[in-house]
Structures are given as C-alpha cells and as structure tokens.
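For reference, the structures are reproduced in the following blocks.
In what comes next, chain A is part of two complexes: it sits with chain B in the first one and with chain C in the second one.
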Partner chain A sequence: MSMVISINGLCKKYEKFSLKDVSFQAPKGYIMGFIGRNGAGKSTVIKCLMDMIPFESGKIELFGLDSRSFANENKKRIGYVGEDQYFYESMTAGWSLEFFGRFFSDWDNDYGYSLLKRFDIDPSKKVSELSKGMKVKLALAIALGHRPELLILDEPTSGLDPVIRNEILELLAETVQDENCSVFFSSHITTDIEKIADYVTVIDDGRIILSDEKDSIISKWKMFKVENSCRGEELLGRLIGVKKGEFGFSGITDKPDSFIKELNRRCPGARYKMENITLDDLLVRIAKESDTI
Partner chain B sequence: MFIALSNNDPTPLYEQIKKQITEQIINGELPPGYMLPSIRVLAKELGISVITVKKAYEDLEAGGYIVTNQGKGSFVAKAGAEFVRESRLKEIQQSFENGISLCRELGMDSEEIIKIFNDILDEFGP
Partner chain C sequence: MNDVMRIAVKDFQIQVKSIKNYVITTLFFVLLFTVGGLGRNTMLLPILALFVLYRFINYSMYEDEKNNTLRLLASLPLKRDTIVFARYLSTGVLIVVLSILLGSISALLPSGEAGSTALVLCIFFVYVIMISIYMPIGFKLGYIKAVNINRFIFLGLFVLLGAVPVLLGKGEGPQDGNALASVITMLDNADHVLIVAGFALVTLLLYIISMKISVIFFRKRTLF
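The block that comes next holds the complex of A and B.
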C-alpha cells in the first residue's frame, strides 16, 4: 500500500504550543480523518504539510516527495481548503473561481463551472452575498477544479448546517471513487469523520495519540462502566480518561479482555457494563486523560 | 440487491453487509454470476468507509459466496447455487420432520403416514 502522506518525527515550536514528534501515514486512495480538540495542533500539522509554515525537525513526504524540496510540484497535485476562506467580497463567485483557479496549471474551467452548478452556486452572485456554507463550497469547487490527487481540508464543515455538511461528505466519498485520489480532512466534528473516514488519526496537545483504521478503533476500544465498590487505583490505572461518579466510574481501554480479567480477579462479582465507543467518546476521554496529567 | 444498514443494530456494519448479501444469495435473489457493485460504489451508496465494505467482500469470498476477478469485479459464485439447494433441502427436511411428528402425536404408525403422504403426492401429479 502506498502512502500519499508520510510524516516522521515532525517538531514545530511556537511560544505557547508545540508539535512533538508527530508521525503518521495516510494510505493513497482512502479518506483519513484527523481529529482533536481545538488547539490540539491539527491546523499546524496541515500548514506544515502544505509548506505554509516552517518546522524545526522531522520529514514530511507527499506522494513520496519531500514536502519542502518539491513544494511547487506537490501543490499542483493538491486541492486545499483552509479553515477560513479569503475571497474578494465584492467580486462574483464566477470571477473568484477563474481568478484563483488559474493559479493551477491543470485548471479545467468548464469543470470548475460545472462544480459551481452542482453546488447550486450562482456564478454571478457576489461573494459577500454568499452564506458561509456556500463560501466553503466555492472554495471546494476551486480546489477540485484542477483535479487534484489529494484533497487537504482543514475543518471544512465547522459552523455549517447538517444539510451542507452531508453534501460535503458525499462529495468527499465521490472523490475517492477514483483510487488515485485521497482525502485528508481535519475536524472536531467527530460524527462526520465517523461516517465516512477509512482511517483516523487522533492528535492531542501536539502529540499523535493514535492512527489506525477507523473500523479497528471502533472495534478495539471499549467503554467500561463499573460500580464504585471496585474503585481501586490499580484498576483505574488500566482505563483512560476515568470519570468518577456517585453511581459508578467509567473509562475506556483498548484491551477489554485483560481489563475484564483484572476486574474479575480483584472484585469477583462486581457489576459492570461494556459498551462500544464513538469517536466522540475517544476524543473526550483522551483529552480528559491528558488534562489530568 | 437491497442493503440497508442499521445504526441501532449492535452488529458491526461489515457483518450486517455480509448477512444481507448472504441471505439474498441463499434465497436466490442474487443468482450465480450476478455482478456485485464495486467496493467503492457500495461504500459511497451506503455512506460508509471503503475498508468496511472491503472486509465484508473479503469474508464473503473466503466463505465461497462470491468470487472476485481483479479488474472485472465481484460475482456471486456458482457454488452460490449449491448453498441455495442445500438450504432448501434443509427446509424440506424440517417440514417433513414437523409433519411426521404431528402424525405420531395423533398415534399414527408408519404405514398410515406413508398412505397420507402418497395421497397428497398424487394430488400433485406425476
């Protein structure tokens, strides 16, 4: 399996925040979701990928090529939509499409306009008259119009209503119908990622917590809810993101079988429930864990 | 082919896909040679991960229900018909067992049972 994105030991320091030894890979032809809470470092990683900011150490490869030495070549093959869209508000959507599209040598104007049509964007409308959702769709049309092999999206669905979010997700799924195309998108809306991502990478406080097939994560990790009579530190230490309550405590683990064994060993007969987790649970508990440290 | 996934079902998505396709192969709705949608198309239609569908297809192939030709697609295996036949035979066996045990409850012996069976069989014709 070839990797469209390969990051190794990425370190980047800001005054109050830093990326610490970030490493993960995104296989070609699939959709990878990049999740983490606000401030975890998602945008910073993406900006390093896009060679928009420098970094101190580590190696980033896109399409097998170094992200800095081949920055221009790589950019031709990438469609990027950032967190905020910067358009000339007084210009029309159509003008914006052509203006920004032409920066790409492989720009297909007819295709770009057909995307506007498909997104229900009136090319003669001024950008200032477009809603946030339509601006994102305009940015997507511009990003897709040069038929990129890799779509990099930084929080594309934040602040958008469920209807538009669904449209965008469907579009992403369509993009990877071509096995040569890959999607990498960051979001803190875990339900979006849960639906269509093939792979998920979780980042917290500048560190990669895990990176795996989405299905594996959902099946490996379980949430345990246990009665308080069994609240020993040893047992609690085996769970991540422990929440203690009046009527029981809970936490998650990727080793459910060994947890159950320990539980039965220490408190035979103790009541507990084991549940599947959502990516939301995962994010919240991981964040809780790192906050307690 | 009809596939509908349920979020309320605790069974993993790929199991649901396997089950629904297997059922339709066994009841003959998807005959041998029927071409299944490509993994990516099905993933898009169902709004789920490509890898989930891939897993289902791989399991179906391991179970002998479908055959995948690289580049051509995935097809219901000829052995699919065998499964249909086998499962039908099981149904038949079960029906006979039910009928016979009901007869026994009425106190009938084998001769009487065979007579009833033959009478009914005659109604069906040769």
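The block that comes next holds the complex of A and C.
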C-alpha cells in the first residue's frame, strides 16, 4: 500500500511542549482521523507537515518527497484547511476563492465556483458577513478547487454547531469519494472522526499512542468493568485509564483475552462486564492514563 | 499573472474602499491650508502624498495582520520571498505614481506654487528612505510593533532633517540661513538628466537593499 504521509521520528521543541519521536503513516486513498485532546500536538504535527514551522529532527515525506526540500511542489498537490479561517474580511467570497485559488497551478475556477454553489455560498457576499461554518466551507472550496491529491484538515469542525459539522462531514465524505483523494483530518471531536475515518492515529502529550485502522481499533480495544473484590495491582496494570469506584473499577485494554484469562486465574468466578468502546472512550482513558503518569 | 503581481494587485484591491477616505482627507487638508493662508505652501502636496503613501503601507500590513492572512498565504505553494517582493512592488508603484503626479503638478503650475522638480526628487528620495526603513521592521516584527518603532524613528528623522539646514546655515550658507533652499536651487540649476539618473540609482539601490533585508527577516519570522 502506498503512503501519502510518512512521518518518522519527528521532534519539535517548544518551551512548554514538545513533539516526541512522532512516527506514523497515512495510506493513499483513505481518510485518516488524527485525534487527541486540546494541546496534544495535533496542530503542531500538521504545521510541520505543511512546512509552516521548522522542526529539530525527524523526517516527513509527502507523496514520497521530503516535506522541506519539496515544500512548494507538495503544497501544489495538497488542499489545506486550518482551524481558523483567514481571509480578507472586506473582500467577497468570490474574490477570495479566486485570489487564493489561483496560486495553485491546477486551479479550476469553474469547479471552485461550482463548489461555492454546492456549499450554498453567495460569491458576492463579503467574507465578514459569512458565519464561521460558511467560512469553513469557503476554505474547503479553495482547498478542493484544484482537485488535490491530499486534503489536510486541522480541526475544521471545531467550534461549529452539530448541524453544520455534520453537513461539512457529509460534504467531505462525498467529495473525497467523488474525487478519489486522501484525507488527513485532525479533531478532538471523536464522533466526527468515527463517522468518516478509515484509519485513526491518536496523539497525546506530543506522543503517538496508536495508529491503526478504525475498525481494528474498535474491535481490538475493550472496556472492562470489574467488581472491587478482584482489584489487584497485577490486574490494574493490564488496563489503561483505570477509574476506581465504590463498587468496582474499569479500564480499557487491547488484549481482552489475556485480561480475562488473568482475571479468571486470580479471581475465579469474578463478575465483570466487557464492552465495546468508542473513540471517545479511548481518548478519555488514554488522557486519564497520561495524566496519572 | 504571476504570484508577485497577484499579491501586489491585491494590496491595491483591498484598499479600493479607502480611496474615498484618502480623497476626503486630502480635501480637508487642502481646505485647512487654504483657510490658514498656506495655499501657496510648496510642501502641502508632498505632505499629502506622504500621508497617502504611509496610509497605503500601513493598511496593507494592518489587513494582513488583522486577518492573519499571512498564515493562509504561508500554507499556499508560495515562497515567503514572493510575499516580500509583492509588497515592495505595490509600494514602489505607488511611490512612482505619486512622484509623477507631483512632478506633473509642479510642471503645470507657475513656479513656486507646487514646488520645483528638484523638490519633487528630494521628496521622492525621502519616500524611499522612509519605506526602506519601515518595511524591514514591519516584516520582522509585524504591523503593530513596526508602527510604534517607526513613529520614533521618523520623529527622529524629521528632527534631524530639520536640524541639518539650521546647522548648515550657521556655517557658510546664504545670509537668510536657509541652506536647504540653496541645495534645491543648486539642484535646479544642475544637469537635470544627471540628477534624475543619480537619484534613481541611489533610491533603487536603497530599495533593493531594504528588500533583501526584509526577505531575510521574513524568512525567519514565526507566523504560527
């Protein structure tokens, strides 16, 4: 399988935060969700990917080309939408579409305008009169107007109401299906990722926690709720993001069979529940685990 | 249209609405100077032109800063150098247009009404010095910091420029002590082609050096 994004050992240091040996790959033709809580390092990784900020060490390849040496060549093949939308507020949506779009050599003006129409944006409307959701759609039209091979979205649905969010996700899924491009989509709203992603990469405190197929993650990871009489260090050590309550404890693991075996060995006849998890559960438990370390 | 041209044109496009403000302000000052009996002041038009130029650069930088559009530009397949070149191109075009306008007015009006050719050249030179100082600071520190720093620099420059003729006047200048006037008269009497060529060369050199410094600063600037 060929990769559109390949990151190896990426390190970037700030005064109070750093990316530590970030490595993962995103396959061509799929949607990869990049999840992590606020401040986990999602935007920093994306800015390194887009050559917007320098990094100390590591290697980033886009379409097999070095992200720094071939920055402009790579950017021509990428559509990017950031968390905040930056436009000249006094200009119209149509002017913005053409001004920013024409920097791409493959820009298709008619297609750009057709996207505006599809997104229900009046080209003659000033950017300052557009809602946040509309601005995201305008940014999407600019990002898609040159038919990119890779779409990089940095929390584009953050701060939007569920209706607009859903609309954007649907538009995104449709467009990606029609245009056959790959998507790298970061968000702390895991339900968004769960809806459209094929692959998921989880980042926390500047470290990649896991990177795998979404269905594989959801089927592999299980939530266990066990009565307190079985609580012991050995069992707790096999779970991640453990929560202790009055009647029992809970946690998640990607080795459920091994946990059940150990539970039955140490606590025969124990009462427990094994449940499927959501990406939200996964993120919350991982965050809890890193907070306790 | 190439990328440099596109961004340079944008600097004018985003200010179309401001032209009305420029005209109103200019008319206000013309009225103020006329009522104040300074209608024949040779420095009136250059001062107004300087105001327009300063507003133009400030507004272009302010728009990019306020809207954070430099960030979006940085995400496009563009080199940072292109953004710098474009700003120098748009400002350069405006300087030339304003200078031609001033030169035309001075040529049309009777001598002394709007200033001599030499005065226009001096003013053109002052514009370039001003921009050449302002832009690198703007590209290094951004609009807000640059405006504050430049305020002090320009104040110092004006004090210095005002002090030079006075100091020269104390020496071997004309009896009325106006050495600047004698310099202007000297330039007026000299070979115009030579002077224009000399001024053009020096200003172009200054402008290019300033642009190179801006490129170095802007490449290193943290936008995110």
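Heads up, the rule we're going with is that the second predicted complex is superposed on the first by the 288 of 293 C-alpha atoms of A that agree within 3 Å, B and C clash if a C-alpha of one lies under 4 Å from a C-alpha of the other, contacts with A are read in each partner's own complex, and residues count from 1 in each chain.
Here is the rule we use: a residue touches a chain if its C-beta (ideal position, glycine included) is under 8 Å from a C-beta of that chain, and two chains touch if they have at least 3 such contacts.
This is a predicted model, so every value here is computed, not measured.
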First (chain B), second (chain C), both or neither touched by A:Met52: second
Touching partner for A:Trp95 - first (chain B), second (chain C), both, neither: second
Touched partner set for A:Glu213, first chain B, second chain C, both or neither: first
First, second, both or neither for A:Val176, with chain B first and chain C second: first
First (chain B), second (chain C), both or neither touched by A:Ile196: first
First (chain B), second (chain C), both or neither touched by A:Asn38: neither
Contacting residues of chain A [partner chain B, same complex]: 30-31, 169-170, 173-174, 176-177, 179, 195-199, 213-215, 218-219, 276
Interface residues, chain C side, partner chain A - complex: 1, 3, 6, 10, 13-14, 17, 63, 66-69, 71-72, 74-79, 222-224
Residue ranges of chain A touching chain C (in the complex, touch as defined): 47, 50, 52-53, 72-73, 75-76, 80, 82, 84, 86-91, 95, 99-100, 102-105
Residue numbers on chain B that touch chain A, as the complex places them: 10, 12-14, 40-41, 43-44, 47-52, 55
